[in-house]
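Here come two complexes built around chain A, the first alongside chain B, the second alongside chain C.
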Partner chain A sequence: MRMGRLAPGFLLAMLAATVAKYCIAQVPARLPGELAWTIGYDPKTFDPAKVDDIDSETVRYLTAGVLLRFNRLTQKLEPRLAESWNLSPDGRTITFKLRGGLRFSDGAALTARDAAWSIQRVLLPAAGAPVAEEFVAPASVHVDAPNSQTVVVRLPQRVAGIGKVFDEIAIEPANRPSEGHVTSGPFYVAEYQRSQFVRLRRNPYYGERDGSGAALPRASGVLLDIVENPEERIRLFSRGESDLIDQLSSEYYEMLRQKAPGSVRDLGPSLNTEQIWFNQAPASPLPAWEEAWFRNQSFRVAVSQAIQRDDLVRLVYLGHATPAYSFISPANADWYNRRLAAPHSDLAAAQDGLRRAGFRMEGTHLLDAAGHPVKFSILTNAGNDARLKMATLIQQDLAAVGMQVNVVTLDFPALIERLMHTQDYEACLLGLENVDVDPNEMMNIWLSSSPNHQWNPAEKTPATAWEAEIDKEMNLQATSQKDAVRKQAVDRVQQIVTDEEPFIYLVYPNVLAAISPRLAGAQPAVIEPELWWNVEDLRLRRTR
Partner chain B sequence: MRIRLLPVWLLVALALGASAIVSRPGASYARQDREHPLAGASLTHPAGADALGRDRLVRVSAALLLSLAGALAASALTTAAAAGIGAWAAFAVPGVAWLMMLVCDVFLALPWLFLLMMVRSALPLRASPAHSAVITFLVLAALGWPACARAVYRGALGLKRADWMMQARASGMRGKQLIRQVLPNLLPLLLPQFLVCVPAFVIAEANLGALGLGIGEPLPSWGGMLLELDNSALLFRTQWVYFPVVLLILVLLLLEAILVEA
Partner chain C sequence: MLIGLFRSVARAFALMLLVMIGATLLVRLAPGYLSDAREMDARYGNTVRAELAQEDAQSRSLTQMLAREMGGWLRGNAGVSRQFGVPVGQLIRPRLVVTGALLLRSLLLGWALALSAALVSSTRRKSGVVWQAPSTLLLAIPTAAMATLCLLAGSGGPVMVMAMLIAARDFKFLYRILRQAWLEPHLLHARAQGIPMRRLLAVHLAPSIASQLGALAGLSMVIALSALVPVEVLLDVPGLGQLAWNAAMNRDLPVLLAVTLLMALAVTASGILSGQTGAWERA
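And now, the complex of A and B:
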């Protein structure tokens, strides 16, 4: 704790850190026709079956040849290595027919045997592939290759949105996985320098062609610089050493907009949500009267109505967010319930609702029917500036209805310990990142028996009638073979969640990006990877 | 003499100025002027407003007062604890003294920032912002005494072996009588220890705040305001975000100057 000669030491340390920050970062020279952008950290693995972090996912997406590709713009599946595919009427058998003349990046022929082997590999427990969970019962899935161009996948039960799972399975050479060095996708891993860069080269045997018959991908390669510091990413982009930046913060978006207005894009609401919820778990150590507040629907609705979402959008996201009232974003065109009746921000309605629920004002403080002052804390994770600002704004919004709110920031492990184990918290403000448009991916949040059912985890039986109804509707959408029935079930869940407000949705942060004017072919979408989902079509207008 | 006291007077003047700003009618460190986020300097907001429209001058002034008052109190506590423990160890039997210094060394070897984070995360969530400030400085004081205690121990040990002390003990002085003689003689050692701890606690609180783990909103803290500097996009929008760090460095320089003069 002793800090002799403090101030000069402090200044010197700051100076040294600044010099190091600006001078040490080295960027490798770009090759002709090569695209370049940055990733935050070293990929944990180049094995496409074991990907579970965003940077490994980037490399996998760019290198993996897949049977089907999910078009991020149209939100529809398109054939890739598969010429066609067919789902049986019972939804349990998928038959892929491969294109003829397919080759891996080393020139070896790609057959149905390779595809079957790659699918079987991710299903094996030993592979530990996160994508296996999407098959629900991976151990009971059977994969056959009856001939050199046909792959048949038999599922023990119907799985909603199963086609999209094949967008995540890289087809590799059978029995010789190469960690991205031999691929059937647009690029392969050519060079990796730890903490510096990953260099991908064009797969000369990639069989895709564009509408005019030109071979894809158009770029000669991709250089992924490993840059942790967001400011360094901005600097590289401004210097023309990086062609794009995804997931820009609103502050950096505004800064770049002033410097180079043509390079930034606000793509509208993302699939992600920021929300606040109250702890309703019976196992929590909260006093009984607080549990009663948090289980009271009128209380939750009043809190939702008192929150000025427009201010959150304007002050925290500088206008680059959209007020949220549902767990499905309007960006999710197929699943968003456009007829949702949501209780919008309305202070008078909030006060009225609280009064009807038995709360009363005493001076500037709100008291419950038993005279307990309404006072609670909102927990959020330390280091997230946007969440801290939102919590501080909400603190003042709720003061207007007499609620005294403490804002508490904790480091993430301490936060998770409280949320998942001790359940010693009152309210929490966090976000949820949705990478998939299909609501089936959110089963783990909405089923009352799930440990991720945050407001009341792992219920033995649904605690309320509306939670039982959510269970029923979510199970219906997961098992129904009719899209209309699924849509109706998900619409109903959205309405229940909006009425009951177990999660009080705040905003959908917008997707903000920067794209160099030199980059041609970009068709940004709101679904990850937003900017380079069509990497085959990307090219530089002028080779340096 | 006056020149030597100049840093003290400057620091007092800063604190008085900050008190005047904070206690000005209508001044509030929490009020959000949501229509004017990141406003530039004006008559209403002489140092502009932060991203939530809160007056930066009032917030910086309140943070200065809070930080100085908290650091002074924590330093007084930690110095008093160190004086008691160090003097006790010096006059205790050798085995007890060894054990006490071992405890000091163990405390010194602890990664104090992580310890602070652990202690902070275990605190009750319902603590009000004012309580969180008190708790933060109490935790700093509780973790800050070992280095000081070691120094006091060495000083008290020297006193114990001094000729006049030998003579006093030989004359039959014991217990409280001895302590009454020892403590005034430790003051030249305790004062620098106290002055060293003050800037250390100011920095420690700012570090915790910069990690988002210090004093709760809406109370302002230096660390919380320094967080703005982490975002170069914000620097691009207003130069007033440098104001807290400039004032922090000024306060640290003054505390350093006072320490040197002492």
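And now, the complex of A and C:
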């Protein structure tokens, strides 16, 4: 038959062409001089006052004109729209003097009235701005603009690290918020294709200049591709369609290191911690003997001593992490307690501690004084390979002291429900992302009354003497005007936490990033946004 | 025939209602419905707790929830996404276009591949293993694994994965249909008379297998829809499958309900069309 002889070749050639055509990934075209990188999801909002997710925060950071900018490298505040700023001796009045000739991206003049309106807007309960909570009592804050260049903010009480809050408040045109379309920052939102990309264009009226007097930002815009899949992010970077990747996992770091060694950076320990904790909440449905183990300091210390942190670093993070013993990372040079006396990994000490606390071995199993076998589950979130591997290694480490551990993974909503609502869990392994160096940002974790006081949330009164002491020291650091007093209080809290081990810190994952050789001006830092905190200086190198 | 069509539509409506009730029940009873990852974040804790308290008050009773969702749909309002805080329609529309294009391209390519292979192989006397093996092999690979392979290899894309899946499944049916059709007396007679192949296909073969092809088209649609979530999630296609996955992960009932209803509608519509093809032929 003719069909049988002639058709196959023709059909296959036609189909191959069709397949090739449709197999090419569709990505938005990059404009000349435009930087590009990826974000995980659609920003929930472009209204800078209502930002409550990481992707909206990215857009806010890139578009918002702020009075002060926190330099992620020097960890100091720098004036931006404000020419100068002054904090009164009692720490309750902040006066900003604006630069002259400021303009919004649409060319309209920016005055103190706009700045005052923008600050007042985030303080209004109706705005529901998360940043308002950083003022402690936002309803009692007064904002005035006595003249066109001066803004005065009066606080009802001193707030530690208040200056940095202004790094998060976008100055918008008074009475006409534009959801990022009219900004006073380096870029403005030019185009948004839901679930595909956000395109930012350079603000032509942005007043910042570099040392040589050249106008900033250097890039013509930023293209934020919305890419959920981490593998796809790596692919885009490898193909040169993305200029940087932050928060790389160790596996991807190693993979990219082999392909392009010059493009990856290990910036050392991050501010983040990975930790395990036991449920000590009286409302938990756990049997009384388990509650007794978890409230026993010797038990917690023994668990901490039995965990081989070096193995976690070597096997889980491929060497890109640092063993952790405190909630403050050594990357936070000002606040890390270098004299911390921590119970390091020591199997013999762990066994001895358990024996002294009334536990005994029967064969290969550890029993408590009443004869209950020590057996519990560690919860962690599904989809995080590093945590699952850590939990598995901890399971092996604790088996060496006779503890039988199960590892349970749950998706995040189910896990949060157990932690925050039902308290139906025994132990949990999770991480904590610290976005700020100031320990005042961790008040919600350490104050016993806080819902985020994970091991025993929302205590009416501190359950133990050491928790009461933590409350006292954290309140002291939050209100003291003397840096030395604050540092002493935070050092003391670090020591209490290390002695009592309500959180058993495991590792500080390193900050791993990939930066395209085409990208000039990058100065990676350990504080978010690690790679593009100085976006004004970033540009693409010219290629022949 | 009209009565049959009316019955099919009524059945579809009942099915949609059941889908709505089932999806609402499953999401509401899923662990973590009234929780949010942002609760763990100090910066957003208070805001999100207020949102959850409001959600809790509105979803205490399942009947109340069902009434709210159904009322919204009857008024043409699919609600507001819990995750993104925007009307569901805004999330669905751009993704519907992406998914529609993906389905159309995959179906066309899959059918073209399957039909070409089946046409060629069905006319051969000894074609069995050589033509069947690739199809069997492709069917043995789970869709997610195929998508992951494409991703790791850095070549191929969502259309190719879906088309391969559709082609592999449809080839088996098409091969059998064509093989039987070629042996029918009128086709044997036509071939013996030396009628040209183009005419043979268009005039003699196509009409005799049209109803079976219609039924197979419906099945292809179901196969494509079943592969949509893994393909879109793994290959990062901003379509309805990816939206459905995110909605499930975030217990976003309004979005999940809308996507589930759309999928159910597509499956039901293709079922009705397949059924009607047979009915038309019989008529």
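Criterion: the second predicted complex is superposed on the first by the 517 of 544 C-alpha atoms of A that agree within 3 Å, B and C clash if a C-alpha of one lies under 4 Å from a C-alpha of the other, contacts with A are read in each partner's own complex, and residues count from 1 in each chain.
We take it that a residue touches a chain if its C-beta (ideal position, glycine included) is under 8 Å from a C-beta of that chain, and two chains touch if they have at least 3 such contacts.
None of the values given here were measured: they were computed from a predicted structure.
Engineer: After superposition on the shared chain, which partner residues are touched by A:T392: those of chain B (first), chain C (second), both, or neither?
Structural biologist: First partner only, chain B.
Engineer: Go through the superposed model and pick first if A:E251 touches only chain B, second if only chain C, both, or neither.
Structural biologist: After superposing on A, A:E251 lies in contact with chain B but is clear of chain C.
Engineer: Could you look at A:D411 and tell me whether it touches chain B, chain C, both or neither (first, second, both, neither)?
Structural biologist: Once the two structures are laid over each other on A, A:D411 reaches both partners.
Engineer: So, A:I445: does it touch chain B (first), chain C (second), both, or neither?
Structural biologist: A:I445 contacts chain C only, not chain B.
Engineer: Which partner does A:E231 contact after superposing on A: first (chain B), second (chain C), both, neither?
Structural biologist: After superposing on A, A:E231 lies in contact with both chain B and chain C.
Engineer: Going by the contact rule set out at the top, does A:S377 touch chain B (first), chain C (second), both, or neither?
Structural biologist: First partner only.
Engineer: What is the contact status of A:I39 with respect to chain B (first) and chain C (second): first, second, both, or neither?
Structural biologist: Neither partner.
Engineer: Once the structures are superposed on A, label A:A281 by its partner contacts, choosing first (chain B), second (chain C), both or neither.
Structural biologist: neither
Engineer: Quick check on the output: what are the common chain A residues between the chain B footprint and the chain C footprint?
Structural biologist: 1-4, 7-8, 11, 231, 410-411, 414, 417
Engineer: In their shared complex, at which residues does chain A touch chain B?
Structural biologist: Counting only chain A, the residues touching chain B are 1-8, 10-11, 231, 234, 249, 251-252, 254-255, 258, 311, 314-316, 375-377, 379, 382-385, 388-389, 391-393, 395-396, 406-411, 414, 417, 424-426.
Engineer: Would you tell me which residues of chain C are touching chain A in their complex?
Structural biologist: 30-40, 42-50, 83-85, 90-91, 94-95, 98, 105, 109, 112-113, 116, 119-120, 123-124, 151-152, 154-157, 159-160, 163, 197, 233-236, 238, 242-243, 246, 249-251
Engineer: Show me the residue ranges of chain B that touch chain A in the complex, using the header's touch definition.
Structural biologist: Touch residues, chain B against chain A: 30, 32, 34, 37, 51-53, 112, 117-118, 120-122, 125-129, 132, 140, 143-144, 146-148, 196-197, 199-200, 203-204, 211-213, 216-218, 227, 230-234, 236-237, 249, 252-253, 255-256.
Engineer: Taking the touch rule as given, give the residues of chain A at its contact with chain C in the complex, in rising order.
Structural biologist: Those in contact with chain C are residues 1-4, 7-8, 11-12, 15, 18-19, 22-25, 41-42, 44-45, 52-53, 128, 130-131, 133-134, 193-196, 226-229, 231-232, 235, 238, 410-421, 430, 435, 441-445, 451-452.
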